[in-house]
Amino acid sequence: MANQLGFHVDLSKCTGCKACQVACKDKNDLPMDVIWRRVAQYTGGEWIKSGNQYVPSNIFSYFVSVSCMHCDNPLCLEVCPAAAISKNEDGIVEIDQDKCVGCRYCEWTCPYGAPQFNADKGTMTKCNFCVDLLANGEKPACVAGCTFRALDFGPIEELREKYGHFDGPAPLVDPSVTKPNMVFTPRKTVTMTFDSKAGEIANPEEL
Amino acid sequence: MGQNQPLSQILDDVVLTRRSFVKWSSALGGTAALAGGLGTALHSAQTTEAARAAESTSQLITTACYHNCGGRCILYADVQDGVVKRLVPDIDEVDTIDQPRSIPCLRGRSQIHRVYSTDRLKYPMKRVGKRGEGKFERISWEEALDTIASEMKRLKEAYGNESFYFHYASGTQWPGPNGRNPVRRLMRLFGGYTDYYGTYSSACYSAVIPLITGGINNSADDMLSSKLVVLFSSNPVVTTSGGDNVGYHCMKAKEAGARFICIDPIMTDSCVALEAEWIPINPGTDVALVAALSHVMITNDLYDKDFMAKYSVGFSEDTLPEDAPKNSSWMAYVMGDADDVEKTPEWAAEITGIPAERIVSLAYDMAQTKPCAIFQNLGFQRRAYGEQPVRAIPILAAMTGNFAIHGGSTGGTVGSAGGIKMGGVPTGDNPVKGVISVFMWPDMITRGTEMTNGPQDRIKGVEKLNANMKFMWNHGGNTITNQHSDINLTQEILSDDTKLELIVTCEVMMTPSAMWSDILLPASTGFETDNVITGGGSGRVAWAMYSHQVIDPLFEDMPEIWMADQLADRLGVLDEFREGKETTEDWIRFMVDTAREADENFPTFEEFKEIGIYKKTSPGQKIGAAAFVEDPEANPLTTPTGKIEIYSPTLAALEDPEEIPAIPKYIPEWEGVSDPLRDTYPLMMITPHAVQRSHSTFSGIDYLEEAHHHVMWINALDAADRGIENGDTCYVFNDRGKIEIKARVTPRIRPGVIAVPQGHWHKPDKDGLDKGGCGNTLTKYYPTPYAKGNPQHTNLVQVEKA
Amino acid sequence: MNTKEWALIAYTILTQMSVGAFVILGVVHTLALRKSNEKEASALSDRALLAIGPVIVLGVLVSLLHLGNPMNAYRAISNVDSSWLSREILATVLFTGLGAVFAFLQWRKIGTFQMRRILAVVAALAGLVLVFCMSQVYLLDFEPAWNTAATPITFFVTTFLLGGLAMGAAFVANYSYLKSKPNLSDLPIQADLLRTSLQWIAVAAMILVGIELVVMPLYVAHLSNGNALAVESASKLTGEYGTIFALRLALGVIGAVLFSLFLYMTATLKKDRQMVNFAYGAFAVVLIAEVMGRFLFYAIHLRMGI
């Protein structure tokens, strides 16, 4: 897709504050439990005994802000029985609310947790890249609202040229399956890759 | 709460969305009023967003986010067909270090959910049950104001104005017409009230920084020149998350290549985001670390001797004042000449929990990396002996030669480059001269007439108080319970309404403190009234915002200026109160006039209201105390001696060397790392700031509670000992109370320490178990020795799985 | 557990049981024809055939409960191209429709026997395709607890185990009915057919549970050697849900092995009353075991990623 849009997250700038999440929810008027953009805290390391003291050993932590990846190979689209999910000319994966049956099957397939059930509507909903704002020349709410300028968006090819191709930081999954259109700038210090077992998601209850 | 049912039903039913707004508006028979015109940036480079928005039906109207994080961020309301559809951050297209966009943090972005919160106060109410029981009855504004006026007259007659108290609060601390100033002005015109000194944020800092450097420091953007930044007890990306604040500038400095070190019992989000080296220190032991760092620098000749000799008082014996006793210098303390204990890295390792070799390498790092900015923030001064670390950190800044250079620091909190000067509603002079420590108001209730300027109370302005507190005005504050120490003790004191006879709370929310009030006055939020807010200044840009009213006041909420004006009438001081200014607009015009006197570019009232935002840039990168270093005789510091006062004659004169030493010292804390009480309560509880709240403001706001759950941090080792897994519900308790909170099991906190983020609303069940998980249910009401400040990070507790 | 999953448990169990019952019934009918005539074979199986109808209809109706927007349910066959779920639903519709047409024709004896038989075979194939599609629905890249061969194997085991035992119970009920209406059939022939059928069903049940008992430990071992989430699923199965898992296996053994063994023996020994009890008992116990098994299937899965 020539015009495929994507996101960029600079992991070295993300402070885990979740202004992106709240900006997204405010703009899209999302009910509780529907969180189109979420931020995972990936943390590892331990305290070990040294002499009569405990000292930190390889303790690290970082945050990964994730929305829909608008994948090249969106599994949600493939499995949707109602053919309610489509990819538009900008590569934005959208759910047609008039077609969705609310079976929640796509929820099981997406490793990024993008499609989410809106109990008020009875349908699946997801990040639509703020298409209405884009049409108005505005940035997506999350990008405009990132307090520490960690988020960017644009044609994915341009983003890759500018920021590189890294798309598999832990705790995300192997990107080769769905081919996500999101690139990450790794941190200066430690950024684990998707196959790492060095840490775990520290805030699962918030995702 | 005995509130009008149908309306409160509407409130309770709404799901806090824009749909609900429509529901509200129609229920109240009104539509949103748009007080102002289209707000856009002042800069000639009009943003495309704004231009496009103007073409469509939507209007971006300037409002503000204005809470006590200090952020003051720029927020636009996207108003479509009379409804606030969404909030939009600063739309300025320019976003450089010279003129950064002021992007509000998550708290600001959830304002719609705060304004339409089900916790909003809707009507004036009076208490009908026992105080604190939570039983209220709706009354009219007429009745509320009449009652307050007649009670104020009665109490003044019976006990005098000294029995009046205007309580510390940070909910509406800006100086404009819809803030706390109008009521203060009114109360002063009515004869005054006993005032307070200090704040719950910075009691110790404000008390002793004037006695070491005076507090002047490099502006935040000057960190761009730093090679190394050492942060003591500082978490700026959380505490000042949005806008042009310290968090922003730290991240910019990192981007520019500065290396960071965070000295803190927890690996804060700042430590994570700044990719800083984390030096996990035992709470309350920072002075021991500073002493050992000094020891390494002294014994290895790593410090600037000439600088210390020329600019400091009491670093070495030769720079002590003449009347100072022998061996009372910092060097004598460090080298053990004073007490036979050499403050070696090994000595400090035992106390701080930091390995001796790490202390040595840190000392070399700080001494040999230049420029190195050594900053402190306020966390560690909210402790049992909070005065000490405040005065210790600047010694390192001076020793390492980083005092008053670009990229350096004077060792205090981060400075500012200058803000925008605007007027405000003047409070006038307070005829009552007695001033108590901000933290000690409960003592004024129980034993006010016994309070003196002696060591126990350290009241100021007068030798002793002549009245107990009988009338309290609590204006936008949650410090009657939630934010004060030892909630259970505090409530016991408040429960006797023959002592403190009347508590008036002016609030937007039914806070835990409002629950303990006698009369509740529902105030408008910033969305419901015009106001002026100024912000910025930590770097190169400062701004003033015309915060427009974007919706009709909900229910019977009223602006603060109106309340004060009404009371002034009832108390017979209307003319003096008004001085010709009646409305919000009159007062804002007055503020604008003041601003224009100081800055000829400041727009006129009409322009300001139209454009909404005025930004002013400055060259930035201000060096604190540059003039002093250039010529200390001509440009002395504001300290009593005019120098870096490591030895304070002021403190020496108090003759309390154990708890108020003349030089900063490590004083083992009660309920600290070495208190034998740890046999019973082994864990040290700190109560740090949470990113989802500004103190207790925003507690309970759905979007924020969802984004960041209220959790207690506990080290995996301590959790394992107690069979606690991540996400388990736990009890935290000591002799003062018990709270319920979920555990976040993490390596990001020192073993032996737990962190219960401050500000979550107290919510006791019938047995007194605080289901809200408010840390202050467990904190101790025990003022610090000199500042009489709040030691809310010094607590011993035990944790068990629920 | 929310209602969504209960609906899926009910739907998958009921449809699989229906498919299994239909296929088993076809086999039994074919064998009965060899041993007797069309009248007696029909007397044995026709009422059992009709019993399948309400079961599958109930299954389909329950499945609607898990939809957030049931008004759009008809759209769920829009993506047969790439969605196994669409294929599953289409197969459900085909199986139910063909089965209903066949049942109607068979009941009224409309059309030739050959024609009905072809229709029955097509319906049975649709049913097997349905179970196959249903198992494919769960073979998802990021669902390690589902994405294993155990999913199709256990789905087919459930299909034939529950279908067979359900039919066994149905035959017993049918026989009691025939005894009360002596003019409908030749009772001694029916008794003989019943015993033979039950013997075969009992043997089949024991083999199927045997497969389950082999697959389950292999499944747990497979998960335990998988990625972090697979390990977590395995530990849920043996830890958090360990009691249910053990109970589910025990009930499978009790129902299919013990009861079926006794059923086989009583059928052989012509102890009618006990045979009836064991036929009902085996079905009931195995049904509970399979519902528990399906509960666990949904309870332990964890999706990878965030």
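Per-chain numbering from 1; labels A, B and C assigned in written order.
Note that in this section contacts are C-beta pairs under 8 Å (C-beta built on N, C-alpha and C of every residue); 3 or more make two chains touch, one makes a residue touch a chain.
All of these numbers come straight from a predicted model, not from anything done at the bench.
Visitor: What chain sits nearest the middle when you go by CA atom centres?
Guide: Minimum centroid-to-centroid distance belongs to A.
Visitor: Find the chain most remote from chain B, comparing centres computed as mean CA coordinates.
Guide: Of all chains, C has its centre farthest from that of chain B.
Visitor: Please report how many Å separate the Cα centroid of chain B from that of chain C, as a whole number.
Guide: 66
Visitor: What whole-Å value do you get for the distance between chain A and chain B if each is reduced to the mean of its CA atoms?
Guide: Result: the chain centres lie 33 Å from each other.
Visitor: Nearest whole angstrom, what separates the Cα centre of chain A from the Cα centre of chain C?
Guide: Chain centres of chain A and chain C, defined by C-alpha means, are spaced 41 Å apart.
Visitor: Under the stated contact criterion, what part of chain A meets chain C in this complex?
Guide: 38, 40, 64, 66, 75, 78-84, 98-105, 107-113, 117-119, 121-124, 171-173, 177, 197, 200-201, 207
Visitor: What part of chain B is in contact with chain A in the complex they form?
Guide: Chain B reaches chain A through residues 15, 17-19, 48-49, 52-53, 56, 86-89, 95, 103-106, 109-110, 112, 237-238, 241-242, 247-248, 251, 254-255, 267, 269-270, 272-273, 275, 278, 280, 349, 353, 355, 691, 702-704, 706-709, 715-717, 726-727, 742, 744, 746-748, 750-751.
Visitor: Residue numbers of chain A touching chain B in their complex, please.
Guide: Residue list for chain A touching chain B: 12-19, 21-23, 25-27, 29, 31-33, 35, 43-47, 50-51, 53-56, 59, 61-63, 120, 136-138, 141, 144-149, 187-189, 202-206.
Visitor: Report the residues of chain C in contact with chain A in the complex, numbered from low to high.
Guide: 4, 66-70, 72-73, 75-79, 82-86, 89, 137, 140-143, 228, 301, 303-306
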